[in-house]
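Next up: some structures, all given as structure tokens.
Look at the two complexes coming up: chain A is in both, with chain B in one and chain C in the other.
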Partner chain A sequence: MTLPRFDVLVPETVEQACSLLAEHGGGARVLAGGTDLLVDLKRPIVQERLIEAGGGDPGRFTTLGDGEPGAIDPWGSGDPPPDVLISLHKLAGLKRIEVLDDGRLRVGALATAREIQRVPEIRDRWTALAEGADSLGSPLVRARGTIGGNICNARPAADITVPAICLGAQLELQSPDGSRTLPGEQFILAPGVTVIEPAEILTAVTFPALSARTGSAYYKLGQRKALEISVVGVAVYVELAGDDTVQAACVTLGAVGPTPLAARSAAEVLAGGKPTGELLARAARAAAADATPIDDHRGTAEYRRLMVEMLTRRTLELAVERAGGRS
Partner chain B sequence: MSNDYRILNTRAPRVDAVDKATGRAQYTDDLSRPNMLYGAILHSPLAHARILDIDTSRAERLPGVVAVVTWRDAGTEPYGVSPARYDETIFCHDRVRYVGDEIAAVAATDPDTAHEAVRRIKVDFEPLPLVLDGRHAMDDGQPQLHEQYENNICAQVHWRFGDVEQGRREASVIRTDTISSKMQDAAFMEPQAVLAEVDAQRNLTMFSSTQAPHYVQRTLAMALNHPLHKVRVVKPAMGGGFGPKASCSTAELATCLLALKTGRPVKFTFDREQVFLHSRARHQFLHTMTTGVRDDGTLAFLEHECILDGGAYASFGIATVYYAGSLLGGPYRLKNMNYDGYRVVTNKPACGAQRGHGAVIARALFEIQLDRIAEELEMDPIELRLKNVMDAGETTCNELFVSSFGMREALEAVRDSAAWKKKRALAGQTRAEGKGIGAACGFFVSGAAYPIYRSKTYHCTVVTKVDEVGGGVVVQSGAADIGQGSDTMLAMITAEELGVSLDDVRVQAGDSSLSVDLGSYSSRTTLMTGAAARDAARDVKRRILSAVAGRIDVPPETLDLKDGCVISLADPIDFSALRDEYLKEHVGFSDLPDSPKLSFREASRIAFLEIGAVVGTGEYRPPKLGGSFKGAAVGTSPAFGCSAQVAEVSVDLETGEVTVDRITGAHDCGFAINRTQVEGQMHGSMMMGMGEALMEQVIYDEHGRILNRNLAEYKIPTSLDMPQLDALIVESNEPHGPYGAKEVGEGAIMPVIPSILNAIHDATGVRINELPVTPERIVRALRRKSVCAK
Partner chain C sequence: MKRIISLAVNGVEHELAVEPRRTLLELLREDLSLTGTKKGCGIGDCGGCTVLLDGVPAFSCLTLAVQAEGCSVETVEGLAGNGRLSSLQRAFVEDGAIQCGFCTPGMLMTATELLRANPHPDEREIRLAISGNLCRCTGYQKIVEAIRHAAEADHE
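This part shows the complex of A and B:
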């Protein structure tokens, strides 16, 4: 694996960053923690494109690294590498984490997983987000990887993104034309693909204020206890009413679809019901039905669907307990 | 245990500890030379194809490219590990056989240019049908990889020991089980790296991250057609090997070829991806075993068949297929054993040796069988094992003689230390759901008794020399410290023998120009090179003491070296004449000896003044061992290590996640030269075996490409996955080893996989016969069981 050559530009303000992005168009990528980006940029050693040989002989292939029209590319080398990385590391304002006066939580896009892990209010109230940060990579990755990078990289298994969407994240995006706010669940379209505009930067993630009787949880299932890409991730959020019925609930699934997936029928099952074991089990079955997993080398679709059910039930039990614990 | 050693059997810090901890240690990739070039290799992107044409012209035209080499430069003479199976060429010329097979190499002024040049090499391929499934590689009609391997069989073994049919008649419980594993990677920290340079006399020196400088030296000379005495292989500091670095690699051959062609130093370092592509790591094993025992639990027979998927080339694979059978000869009394082994070739990277060479998965299945048989006999699994373990002085049915054997002691030690009886008794009663405990044993060689090439060569020589100025001792050895600590072992033995401190011994090792040493494989270095180092030190000691004795006119046998001084075993001696002589030589020095005893520094100086250079030598060659049947050499060893282990696990019965809670292992290393290092090898084995049991597998797609060719997706245990490890050292005093020492480096891994698998069965009631035992496989097995129960 070798890194291609690129320039690194270091803007001092968000405005500068946006205009640099506008200037370089599709040839630029935004560098935050770099824990995904730099790995993605590395070129595999064995990646020669195979090109069908000329002369009407379809059974023959030629290796040629730099490609030619009509080439077939079984290695899927993907997009051309960027010429420019725009590093955000000088934008200190984007690191800020604060609980706003109205009770909302605002996390700057450059806040690292480690910083998120260590905020007592997040651990206490937006627990699923803290647990997502806990389960990301390793201490080294958590020290560099940011919430903004985790969301913009748009991977279906992303450990911060899945709980963030579950907790109702609103994304603040800034561009040379101004700023806009978008619900987290509308942001990711496909693996690696988001609605972000070419000159737009994610600056902050805001979470709604929580009533006293809410609880959330995130569970990551993998083969080992760190440095793991989820086989399944489940984030749940539950808010209880005065009569202990479920006032609001959300179940978000990781690694069982092309994007983090809202298990809407699970939320519908929960709404208004008493959070009994039976109800939670029914919601878990609904979540499993909502999942759209595939077979890959990390696990089969069948196992993943089964695990969605198991883990949804467990995380719901935990979230309900956490919600009840504050009543 | 108490003994009179000053340094041996202690926890002396490693001689390289400070350098490694501070970053001062120089690994191969840290080395640099003026005017140095950088190498890169073109690997095949196809798993099986005919090469129609190779066009390097666009690469050669790239500015900064100094040389491009292909088979036209390297020739097409085959080489390999075993002389009976030379089946590789440095570069492919007519055919590629796996994704990663090497086609060409480039030397350029910087790494980026070298990579770019590789991308400009044009190769025309005609794809050929693939053989990817080792189970079916031997079937009729399968594509053939090599002309010389009929039905893709690279090697086969058919052994008949004792009388299995008689054993079958005597057996009251007979069962047949299977297991399959996946190809694995050794996941050493340091990828292979090479720096090659050539001097004006065409002396080729190669620095390389290798386990076996001597074999690599021979292979380089043979494959490059360069005089053997003009090839020197040096091993700098090294970050692990575990087997895959025991054979000569294309990286080494290509880099040396480029250095010879350009006359300039060339460096080449594998990317992690290339470590996976090159592999030479653990084979895929498909074992079927039928084991019978009598009603009293005595083993009656074993009938064993194995297919080894070895990838595209032979590498160490012939030894692997023999080891897979031979090492089941112990540690239990087993009179009747049949073995049929087939090592097949497929379009995947070649497999070779890896810690516990050939025997790890066979051991796993056999130990699982013992557990299942114990269950049928309603016997405690450890009791069943204790009933069958061999004792020192016995010979296995395949003629392996065990001269020391702490198997019984090891098994009892783990049983008691892990409170086995108490915990087993809880099974099915008050024990928490998903908790389980399992045990297993292991058996391994302590140094292969025969070299890879047919020869009566000494397996190692050691030259120990005392500084002419007096005081310092240099140990010169070809032995390769690959991280296991052999340099420290050599220093400790030398310091012990000469009565000096560890700080006064300098080890120069891992260099083929210093001595012959067959290398760090088959767990041989402590027993063999340790014996040679002991003898070299004793030789030096004899020379020093006779020189001193001559000067003071006493019999040499009345003198000894101890605590840095010459001591008299008879009457007190007046050394003042010698002292005066030493002091006169050192006018103006401040650290002069002033005790009444004659220091080692003075004594060794006097010896030099009397006899000139004070050099001692030692060498080791095993006695003739083993039977006369075909393949009897593989598995023979001057000594055998044995081990026992108890694993405790918690299994999440819904998700299948396994947490290993505790591992208690005992290993009979004969005598611990360094107790901390013995424990380190045991801990490392536990970690490696745990990874192999639970998570490690190289995953291929239908084109023969590795999907997880990096350490993010090839899972090995992290520190968070590791349980409490209790390493218990058993010392049985091996008569053929120096000070009673024998192996620990590989034997300690043997019981790890089966003890964990037996514990998982205890926890879940299900058996999984496909490794690794992933959470998904456990959940599937649990669901099958619950469906069957309904």
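This part shows the complex of A and C:
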């Protein structure tokens, strides 16, 4: 067996899931698709066997949290492995994806990337989210990996999280004490560390309604097309006013800082301007200045900064086009 | 403590006592002796362990057996009916899409699901669909051709 010993509890309701978490305190972890958590749990055992077999690159199993400080510690926060997993797989209600009457999009925390990819309204209107889901790992990863897991795992390169934050995601969290809603950009504090309380579960992610003239895009730069952690990820959102100026804009960067990063000066450059090639290029330079990349085996800080500039310009052009404007 | 779970594997109902940490892959290979499903990396990278879980491809190495409770599982052993290979399996044999064969069960499960959802995939769609299944032997070309030929054979 490659997994350590643990018990698995299978709640039938969200309330039950929260109270089980509360009951087991720090020793319990939530299990969604398991594509992060089970890999983390297997890592020490697989690594030990590789070393025993006299081979293996000890860096091999750091892929998921790679490219950021603290990535080598599989627990991020230094917590011991859990003795209880609370598996959410029976909570069918958390899989639901719907456009609400007021125009907001609500995606249940257990919706998989594959399910998100296939919703026509998301492709059409919350395009960056669909493109983030498209970029996750491989078809097999997309079939299991959930939006909730991607966000709660809190990696700076997370391909659903970066566009979700860019599109103004609001996170619905539930605990035995009630529920609260938190802006996505306030959720992640450091690699693998979030503000989630020990007995809290992320139940859904909602996105603000979009006016007709909005466009968004996400681009993940990796070294290959599948099974790759991004070198740089760029999500952009643009809303145009009636006179074709930029009414609102947001640029969110992945893999160039300890958390998904809001490129605030890029948004400031864009606000109120005509989205000409010159303006978008200026915003792209501002985004590159906002980035705080580091060197690692996937790319140097300098390369990443250059790529942020180029990809921000390109994704902005695409988003403006999608919003019905020209750049 | 072991759990009693029930699940259907290739249409056959099973009730089994499993340890909570047992993966679906271990259940298939070790408890049910269905060794067609392969263990490669064990961490989601290779696709060798791909099965269909309620019709959706899933890596069985990162799925706990208890998560498959009540599900229908399809493995490579279920593809041939009455001793007759499926048209996809036949195409793999005829087109030389199998060399060492280690990736084949996972490829077949992924491609089976692709063809159910999309009976006429183009080459790009085929390549995208199998992009989570690694093959160290064939260079993929023959696999892509076999999937295309199977799609054509099914609609002649």
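Heads up, the rule we're going with is that the second predicted complex is superposed on the first by the 287 of 327 C-alpha atoms of A that agree within 3 Å, B and C clash if a C-alpha of one lies under 4 Å from a C-alpha of the other, contacts with A are read in each partner's own complex, and residues count from 1 in each chain.
Please note the rule applied: contacts are C-beta pairs under 8 Å (C-beta built on N, C-alpha and C of every residue); 3 or more make two chains touch, one makes a residue touch a chain.
Just so it is clear, the structure is predicted and the values come from calculations on it, not from any experiment.
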Partner chain in contact with A:300 - chain B first, chain C second, else both or neither: first
Greater residue coverage of chain A in the superposed arrangement, chain B or chain C: B
Contacts of A:193 with chain B and chain C, given as first, second, both or neither: neither
Partner chain in contact with A:221 - chain B first, chain C second, else both or neither: first
First, second, both or neither for A:2, with chain B first and chain C second: both
Which superposed partner A:138 touches (first chain B, second chain C, both, neither): both
Which of chain B and chain C A:311 touches, first, second, both or neither: first
First (chain B), second (chain C), both or neither touched by A:34: second
Touched partner set for A:44, first chain B, second chain C, both or neither: first
Partner chain in contact with A:114 - chain B first, chain C second, else both or neither: second
Residues of chain A contacting chain B in one complex and chain C in the other: 1-2, 5, 39, 46, 61, 138, 225-227
Footprint of chain A on chain C - complex, ascending: 1, 3, 19-23, 26, 42-45, 47, 50, 56-59, 62-64, 66-67, 69, 110, 128-133
Residue ranges of chain A touching chain C (in the complex, touch as defined): 1-8, 10, 31, 34-35, 38-39, 42-43, 46, 61, 85, 87, 89, 114, 137-141, 143-144, 225-227
Residues of chain B defined as touching chain A within the complex: 42-46, 49, 52, 99-100, 111-112, 115-116, 118-127, 271-274, 277, 654-655, 657, 694-695, 699, 703, 705, 707-710, 712-713, 715, 717-721, 774-776, 779-780
Chain B-facing residues of chain A, complex: 1-2, 5, 39, 44-48, 50, 53, 59-66, 74-75, 138, 221, 223-229, 231, 297, 299-300, 303, 306-307, 310-311, 314
